[in-house]
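Both complexes shown next keep chain A, but they swap its partner, so chain B is in the first and chain C is in the second.
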Partner chain A sequence: MATDNKTLRILAVCADGAATSTVVAVRLREYFGNKGVKVEVVQGRVVDAKRSVESGKFDLVVSTAGSNLGITNVPVLNGIPLLTGIGKDQFFAEVEKVLKK
Partner chain B sequence: MFNVVIKAFGAAVLLPLIILVFELLLRVNFSKALRSALYIGIGLNTLTSILNPYFMGLIGKAVSDMITGSGVNLPYVDTGWSLLASLAYSTLIGALIIPIGIVVNLVMVFLHWTDTLDLDLWNFWHWAFVGSLVYYATNNLVYGLLSAIAIEMFLLILGDATAPTMQKFFNLPGLAWPHASGQGGTLIALPVKWICDKIGLSKIKLNSQTIRDRLGLLGDASVIGFIIAVIIGLIAWSSKLGDLQVWGSLFALGIGTAAYIFMYPKATAALMEGFEPLTSRVSEMLSKSGSQRGLNFGMDSALCIGHPDVITTGLLVMLTTVPLMFLLPGNRILILGDIGVTPFFLASAVTAIMGGNIITSYIATTISMIITLYFSSAVSVNFASLLTSIGIALPDTGSAVVGADTRPLHGLFWMLGKWTIGGIPVGIILTFVVIFAMLFFFHRNKTGWYKAFGYEEEKEETVAEANS
Partner chain C sequence: MDVKEIIKPDLIFKQMDFNTPEEVISFLAEKLTSNELVKSEFRPAVLEREKTFPTALFTGSINVAIPHTDVKYVNKPAIAIATLKHPISWRRMDKPEDDIPVSMVFMLAIVDPNEYVLFLSKLTTLFGKPDVLADLYNANSNADMANILLANLCGEEKQENKNKED
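For the complex of A and B:
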């Protein structure tokens, strides 16, 4: 769980590690920035997600290209609500719930 | 007038200014708008600053030597789609495409011609790219604009027709994909599916996970880039392989290519970050009323590429593309920057239409890739001079030239847009006749179209209907 002095590490993945994961990264930074939580968002390609998680010490993975990535030790959330704006509030509620654990 | 301005300022200054103006008009907060404009400039600069040394120092020389030394005539080098997007947004059509694209979409929604509201503003660049190519080929702004509008309308209809299939296959309700690259193989998938259903090929199922596990190291785009570069080097310097220095250049070329494929998404990420506030503002304004009407939101086909069947099909086509580039008669382009991109985008809608069948998806995507190679060879002839004329500086590398990875629909609308007979734009007229015919027939028999595009109704649904 993230405390005030710890930086939250999030892996944002999409198909090419450039396009939609950037949108996710920007919106996550904005959200946590407004709350005063330190966050580091790393972008990556969905095919590399499993390998990145094994070596990267992430608190959360947000994917826009399917959330069935074979990752078991870190929670994986579907980031599409951040792109469409539909269900954005539920998404952040889910983020809070997952990070509290 | 615009062309003079763009030449004086260059794309890396003008595009940020255009975005800044749009954002301020839509009342994005000033400091946010300024920052995003700067990021677009950063993205464009990063792109040229990784492109130029790579092209000048490494691949340009090797490709040049390959052509002069061995007669393997592949002068055009694809350096990735970011450059195409930069070109697209740096022309007069690119400057206008966002307001025009939104208005055309809204008019179509208002007239009930489409149920797709495209919120993926960044990918309007595909329409601007086609429009810009036509504009510069015909020197006629109206033809360029009409071509951009035509491909948009066409994609919104395809987006509607494929939405039920793709929503179900990818489990993404409420979305549609009017994405020019993602739908690039759709028209090819339909006849391939029909034939494969007839001859029974559609019944053979392969497990995509097993295929992927077997590919191992070859499943990485950077590794494939390394291999292609080494092949080019071997052909180019085959007579000098006794020299240790040549082996040094050979591996430097391979690693440089892998590094380029690794780095160019970083430049794209900066561009995307700069674009984000505008996209976010427009979605905010449109999405509420859109969801009230039950519209599907148009999204980037990238959302579909994480699906295991799409990845497997894409990987197989990526591997197939390597020999195809060297062996296909008449091919003039080396796909390098997009070798890990194009096959996957082409596979996205195709795989959904095929219901995840790897064999039939592979066939349709490979055909789409072959068409891509030929269109790219044709478009690349004037592409580099077009880039220089809008102020994107390119190095002089002898016989090797920057090429454009032109996917099937981009190529098709480019060809139609510039086709005139005796001053009459027959291609554009034909395009609009087809578009309106599609609209007419689609709306007369939607279920039939959904079925043709791969939609299969669930058995439960029919039971439920029978009960009610």
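For the complex of A and C:
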């Protein structure tokens, strides 16, 4: 991965920053943990996502409540595949792709 | 935590006849409220939240919805479940501009997401399994449905040896 030794920072957001983003955060830590990639997943609410991205250095945003968050400088991916498992491989392929940029 | 405390046959309502998400939400929230599992503000809070953040999940087979709200309105963790006689149109969580037909509704009343994360992730993973969704939808009784859920939500994920001969 093109991340060298730095820790990946991911913002996981859902409507209340509590239920589905918790599952997404666990899945992301699991995935990167298994690959030996250091990752820090921060949870939040979609309404705060834009501000969080402006103030924190995130490499990626994963949202379960729609991807139109008005964020342009950081890739935003739909996190539903991490809940249901449907399209999970495709999701992680997309993650790899956007992180390589 | 004990999943049996959360999945209760008397909070399962099969083959219900509703026309809108609001009707299902009101009905299920009322059941949780009358059992004192949630506070009286829970129902309006779920209805309000659903307007901005709908909760239907596209599964590719039987679509489901998982209405829920802030943990502060919950007294005791529980899930109220309805299967619908006719699918109703429900907006997608990931694409709120799109409606999909939903046939099963799982209203989540959870307290501490960190404590319930394993449970929640198993529950949502189950929504990606068309055979389990069909078994749940077609279960003969509330007890059957509760048992199918318990079998899929308890224990290790590799235990898939029963009911495999369809």
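Annotations for the structure displayed:
Criterion: the second predicted complex is superposed on the first by the 98 of 101 C-alpha atoms of A that agree within 3 Å, B and C clash if a C-alpha of one lies under 4 Å from a C-alpha of the other, contacts with A are read in each partner's own complex, and residues count from 1 in each chain.
Note that in this section a contact is a pair of C-beta atoms (placed from the backbone, for glycine too) under 8 Å apart; a residue touches a chain by one contact, two chains touch by 3 or more.
Everything numeric in this text was worked out from a predicted model, so none of it was measured.
After superposition onto chain A, the partners chain B and chain C occupy overlapping space and clash. By the touch criterion stated above, A:16 is placed in contact with chain B and with chain C alike.
When the two structures are aligned on the shared chain, A:84 is found in touch with chain B and with chain C. In the superposition on chain A, contact is made by A:65 with both chain B and chain C.
When the shared chain is aligned, no partner comes close enough to touch A:52: not chain B, not chain C. By the touch criterion defined above, A:26 lies against chain B and chain C together after alignment on the C-alpha atoms of chain A.
With chain A as the common frame, the single stretch of chain B that clashes into chain C is 98-106; none of the other options in 62-70, 98-106 or 224-232 do. Contacts of chain A with chain B, set against its contacts with chain C after fitting on chain A, overlap at residues 15-16, 18-20, 22-23, 26-27, 46, 63-66, 80, 83-86. Partner chain A is touched in their complex by these residues of chain C: 49, 52-53, 57-60, 68-71, 93-96, 108, 110, 113-114, 117, 120-121, 124-125, 127-128. Those residues of chain A whose C-beta lies close enough to touch chain C in the complex are 15-16, 18-20, 22-23, 26-27, 46, 63-67, 78-80, 83-86.
Partner chain B is touched in their complex by these residues of chain A: 13-23, 25-27, 43, 46-47, 63-66, 69, 80, 83-86. The residues of chain B lying in touch with chain A in their complex are 119, 122, 170, 172, 174-175, 219, 265-266, 268-269, 272-273, 276, 279-280, 283-284, 287, 291, 297, 299-300, 302-307, 311, 340-341, 344.
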